[in-house]
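In this document, chain identifiers A, B, C and D correspond to the written order of the chains, with residue numbering beginning at 1 in each.
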């Protein structure tokens, strides 16, 4: 019991001080969670008949993702899209467009169910139906995984390791990548997130929620300063964006201006998750 | 079951690329939801004796709507007012003033009851008592409908179609109008809303709610930029305003300054919902 | 039942267009609710042992009220303090200081219990123990009343009338004073509040609440613009301030700068509630 | 029963007007609450398996505290860190680094359990296991205490007195230190907090919370003005910072710029809690 044996919840040692590639001193991991309707269906079964609530998700395929792909292309940014299996099956054309533009598609569960309250069977279903959707519809095997609702457990970490997932991007306890330590040995690489980049926090509300909406300067000032200081510290800025939020008219310009800010510096490695994981593995090999 | 057969919750194809009338490239749909006391009575039966809570609604007839009509007249804007049947019966003179100024009155339920938790009888009552109030008190048959609490269901869409309602304005999944697809065939036109224009989000709170109040520049910057980018994309900016919020002293200037911003451009079609629906139907006819 | 007989919840006709005194065109009603510990004790009985929660209330007598009296004196503003009976009994010296500075003390319940969920006995106790505290401790009979939690009922209005209270200041449905209409005839005068002036909304939170804190410019811009537009419309700006919020170091300057803004204009009647009620009565007499 | 005998919840007389040391006119008490995982474990037992939620706490030892120590050193500020016993046992090296830099470590409970809902046994366990951790791991006996969740009770105050704790820093009812009055006589000194300096309020949220994130200027303007006015009034500005919030990239600059602001003035006594308590005791002795 924890009170009897206090100790870090995360047994991994501090992130190693590996250099970033070439002349870069920091990394930007432009990452998007594509949940479409699944985030609403998985969060509350009663949403199944709430067509307007579900229409937040439908916006992604109709408008949000295409508009974001345009912005990424304008700034020549390669990104990672964590897409739920449900979304892949429901919107294959949207996913093909993401892949065609050179972006990575990674695992984000199947119906976006919370991992922390799921039983073992559900946890396995979420994992394996997601893998199956990726393989059947898109013919790919994912390198990375981000937990739905941003929550994870030891059981889930072991499942990732068991299924050959090479990196996770959910933890909030560091500013540099590190490798998880499991009871059974080494686990996947963690590319920790910066929660200030969760656009949902600033940009999606409804009449029954007291959450507030914030404008461009409010969000941009936080994002610019998070990035600037992370660059100063030599860390990775990991984004947690949602096309059903950032794909809206006003919000797409926040992303656009943030990427323009990042593009001013020539010492930033803008990389997909699979590239960051690959770099980490190479550094580990060199260091051992 | 959704998990077994994933697919878009909205079976309608992407919005068609119909041109806007004349030399315009975008549309502004200035829409107001007039709920008066009904939004409070319908939301919580215990509010029946809470006279201060109800007085938020009473503000609309006493002050809010008259002040908004003045602003609309100053900018020569024709708008649509979605008025609950209860409000029409309680405040006929307020409704006459809206109509006399050339605005549209459309359907917004009767007692502003949530459609998604209503049984079939209640859903029909809300629809038919609203229609009856509009006919008896104002002698009109509505062209459009906006769902109370912004929520809708397939049963409600079919009811709209069955009652001859030509357009809905509740969905959040597109930036251009489209036509709903029902199991039984074509449904009403959807003029999707921009939820950032729900003034309630920024302007109405009380001691028991953690919702925050925001000032003019905060709201205006969001509204201006939503409009500007929607104009860029050739979409429609659909507002979701409430006279019990925007009719307050400070808030009316946000509306005033937003309309002044829109009026700077000569390529904006400012139109009521019935006009937008009529234009869509004409384009459909031409296209078929 | 309301659905069967819709109609305004407030049967009072629109506020009459009485002129403000002399050359003034608008009124400022600087009103403070002094709740001390009673707002916490009355709101949740478990707070009785939560000494830190209660210490929000204790701040009023120790620091908040004295500092606010200094600001009011600097701007030569006479104000109304709605003080709960509990606070009068607990802090008689604080109340004497308010009266000595020429301000009005009015009724604000006894233990700040919600009127809308109180039974008749509790409603009467709140009224009569408040009156008794005012009479016994301060030797005064109040002219005005503001409802705890800002809520009121028809039963409470009738009780006010029965106890000889000449004005209420709780409703939110107008920008000018009016007289309530009771089933039994004329009721007290209403000096309606402007809820944007409830400082609690911007300035008091705790770790278990998601309410946000806002700084000077955020609040001041809202208050200045509410006042400016109300002045334009010829209404009364009624404040809803709390010394346990506005008496804090940073927040007192918001009040200070707001009063400086108001003091720029020479057409503002800054008046206590009893003065506004007296003016209304005089206008009524002249008009009849 | 309170209704029968109203009176101040805090029986202590107003804070005495003791001078600050030397030529100073105000004090800054830079105080940090180090909760690591214990705030999450103690707040909700189900968090035990939520590894991402717990990773907020893990950030303190891996990144947050080291970065904050750098900022404090840059501004030559000695601070007090209120550390839970659980955190001391889990992260002894982090605590040694705090002490080595000349800062104070004070008591903050063991598992960060709420004092107001704890039974007597739990209250004693929280106190004594915290003392034991401090003694066993760090070899120190604490001078001060800050209540977990910022709440306190009369039973807890008496326990502090009984255990020889010389100061508390939790109350919100004054701007200067004072001595608590217990039924049994004199209690510990109180160095009251300024709740606007709780960084959690502005800087930590998650998808299931409607709490908003605020940027540098928003927070800094509040902090600067709280400090400036407290300086004007001759009080103490007591901070309530958390390394898992302020240790984040963007947020560390808010602390940095606030300390730079304070450092502009040469009449500010920047002191640890034990120093402020010692000064108060010396003044008391002189005054008696």
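Methods note: a residue touches a chain if its C-beta (ideal position, glycine included) is under 8 Å from a C-beta of that chain, and two chains touch if they have at least 3 such contacts.
Keep in mind the model is a prediction, meaning the values are calculated, not measured.
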| item | value |
| --- | --- |
| Equivalent interface positions on subunit A and subunit B, same or different at half | different |
| Most widely separated chain from subunit A, with each centre as the mean of CA atoms | C |
| Mean-CA-position distance for subunit C and subunit A (Å) | 49 |
| Euclidean distance of C-alpha centroids - subunit B vs subunit C, Å | 35 |
| For subunit C, residues contacting two or more additional chains | 205, 210, 212, 214, 218 |
| Subunit D partner contacts - residues on subunit C that touch it in the complex | 37-38, 41, 46, 48-59, 61-63, 67, 86-87, 89-91, 110-111, 205-208, 210, 212-218, 248-250, 252-253 |
| Subunit D residues within the subunit C interface of the complex | 2-3, 6-10, 14-15, 116, 147, 149-154, 157, 170-175, 192, 194-196, 198, 200-202, 209-212, 214, 218, 221-222, 225-226, 228-230, 232-233, 235 |
